[in-house]
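Two complexes are shown next, each including chain A; its partner changes from chain B in the first to chain C in the second.
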Partner chain A sequence: MKILTLNFLTCARKACKPQATSFPLHPADSTLEIQESDLNIIFLQNILPRLDWPALISITTELGLPGLQAEPPEAEDLVVKEGGAKAEGEGMEVTEKSEESEKEASQLGKDLHRLLIETTIQEGKLMCACCGHEYAIKEGIANFLLPSHLV
Partner chain B sequence: MLPTPSTSHVCFDNVYEPAEDSYLLLDTLSNAHEVAFLTKRFDKNTPPPIVLEVGTGSGVVLAFVTAQSENIFGRRDVITLGTDINSFACRATAKTVETASKENASTSGIFSDTIIGDLTSPLRNNSVDVLIFNPPYVPTEELPDTSNQEHYNKLSSSTSTSTDAFERDSHLLALSYAGGHDGMETTNRLIDNLPSILRNKSGVAYILLCAQNKPDEVKTRIHAWGNGWTAEKVGDSGKKGGWEKLQILRIWQNLETG
Partner chain C sequence: MHDSSEHKQERGEAYEEEHVHTVYEEIASHFSSTRYKPWPIVERFLKDRPNGSIGLDIGCGNGKYLTVNPNVYIIASDRSTNLVQIAAKHRPHSAVVADILDLPHGNHKFDFAISIAVIHHLSTSERRIQAISVILDTLRRPTSAGAQGSKALIYVWALEQKGSRRGWDEGDEQDVMVPWVLKGAKGSGDADKTFQRYYHLYKKGELEEDIQKAGGIVLESGYEKDNWWAIAGPRRIEAR
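Coming up: the complex of A and B.
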């Protein structure tokens, strides 16, 4: 299960959903695995407003991953800044920009890709801070079925 | 015609095999009318839409939407998620989607995960932009009993007896088609929750119904919610003997003035 997915999940119990403490779920006893994949810079830049950054900070801390900056980055922080060495030479021919494809991910962009998309929880559990229920993750798939007395 | 994702790796003893209903969803979601609607509603300059398929089965529909993200939404940052109560279906879906996504890297969106769960229950409210559901729609005496679901989900083929495996597979397949009264018991639970789970104002649901589900009554019920809630047929399997066997309803808040 990708860390990105945790941004969308909450406790499956009806009573917990309206409670602020039911998000994010808290990972524990996790076995992590990196699954490499292509970096999609447009995705990374566009997902920023949909990410709950404080939740992401708490999740990474609980997983023992490198700390995130306190404030969410801006879209432009995720790409290598234009107007670097290349543009300095005056009279240099301006190469045409094929707007999106040329963007190159900055270190921050690469780190965010690694965290959201490539870091997966293979085994472990997710705990709801509201009711204390734990959801198991096995073979990379989380199980949100509730025992009948909790539905 | 956009390519249909391969499901050749899936064991259909306990996972629903893609059929006419699955293909109707693929055709509808990629027809010019829906592409125009989705491209406009989820314009490139808005945050990426979250697509949730409920009851993914083999994963053929979710794989198609993920792999063809650019052709359906006009953007490659669409995020897709699936749920299924059947753990075998969840594992099958993950593979189907990952394979199709890799094979269509230039048009593919981002596959997030599949989750074992009941309908939309693992998801946060107000978080889904596009919900897709091919429900268990066949009218049956009763719904399958899910109180023993964990047991069936855990029963591995290698360690169980053939009688146990047969019982498990019958149960898991029944979940994919048996809809109880009017074939609507599960679908009604999902529909009732749409205003909570769909993103406020922008969320859209595509739900497949058969004639016995009384689609006109479903439409009337949704229109009665007010606040612009609309349900319209956007795809069908053609008429057979004067009535449409299968159709797809698009359910959304139509807030355009007029």
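Coming up: the complex of A and C.
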């Protein structure tokens, strides 16, 4: 399971969902694995505004992963800035051109790809801070089926 | 309408465990090998989503719809671990094991949802309506300030399918068992094994009715090759 996925998961229990503490779920006893994949910087830029950045910070801290900046980055921070002063004077045309050409990922872009897409939890648990229930992750798959007494 | 004798067992969660979940877990690999072609309306719906949209595929099966649009991000879920393991291979998306009635997703967060050939496996009217209401709960609501809400595409098997190999039509029993034959491996001497899956066949207008009962709005609906489909949205947040 990707770290990105955790940004869109809460406890499955109806009673927990309205409680702020049901998100994010807290990883425990995690075995992490890097699964390399092609970097798609435009995809990362597109989903960036939808990330809950504070939740991402708390998860990376809990997993002991390298720290993230306190403030969420802007989409343009994920790519290497183009041509500096020269580009500035030429207005719209340059903007269009740069959108068409391949964007080169900045170090931050590469780091986020590694963290969100390539870093996976292979084995472990996800704990709800609201009810304390733990969901198992096995072979990279998280299981949210509830035991009957919790439904 | 009378239930046939095999339906005497009371329907609900335990019934679905036996007649839906266990079956899919057993036939997962064979089922998956027969499910690769996306249906046109689902494909269109997914391709129309703006880049960077975050969506759900509820009851994703083998994840065949996860290959349609690589510019959105989908968190897929299914009851069957074996099917989720297949679905999880489709990048950049994700897949988890979950029950449609207890989804591990926050309310009013997602840009779209699809639930294709899933709701018809719930065995009571109440549970089908509840499932639709859970799907609608995941969607962003339209606001009185004019912000658009998000949409769900729901697909169910139709009762009216006279031309199909099953041949059901208007007036027939809607709660049926449908066999899945798992062939024994060639030369192994293993006999073929037949599994019975439960389906509720939707009649004309019933899906729209269920969406309304679930508190949703039907935005578009229709019939495509033996299935009824609808695009539904949550109601507006009322100004207080």
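To be clear about the criterion, the second predicted complex is superposed on the first by the 134 of 151 C-alpha atoms of A that agree within 3 Å, B and C clash if a C-alpha of one lies under 4 Å from a C-alpha of the other, contacts with A are read in each partner's own complex, and residues count from 1 in each chain.
Just so it is clear, contacts are C-beta pairs under 8 Å (C-beta built on N, C-alpha and C of every residue); 3 or more make two chains touch, one makes a residue touch a chain.
Remember, it's a predicted structure, so these values are computed and weren't measured experimentally.
In this superposed model built on chain A, chain B and chain C take up the same space, so to speak, and clash.
In the superposed pair of complexes, A:Phe23 makes contact with chain B and with chain C alike. By the touch criterion stated above, A:Thr5 is placed in contact with chain B and with chain C alike. Looking at chain A, you'll find residues 1-2, 4-5, 8-10, 12, 17, 23, 40, 42-43, 46-47, 49-50, 117, 139-146, 151 touch chain B in one structure and chain C in the other.
Residues 1-2, 4-5, 8-10, 12, 17, 23, 38, 40, 42-43, 46-47, 49-50, 117, 139-148, 151 of chain A touch chain B in their complex. Here chain C touches chain A in the complex through residues 51-52, 54, 70-71, 73, 75, 77, 79, 81, 84-85, 88, 91-92, 94-99, 101-107, 109-110, going by the rule given at the top. If you check the complex, the residues on chain A that touch chain C are 1-2, 4-5, 8-14, 17-18, 22-23, 25, 37, 40, 42-43, 45-47, 49-50, 117, 135, 139-146, 151.
Listed in rising order, the residues of chain B touching chain A in the complex are 47-48, 50, 75-77, 79, 81, 83, 85, 87, 90-91, 94, 105, 109-110, 112-118, 121-125, 127, 147, 149-150, 153.
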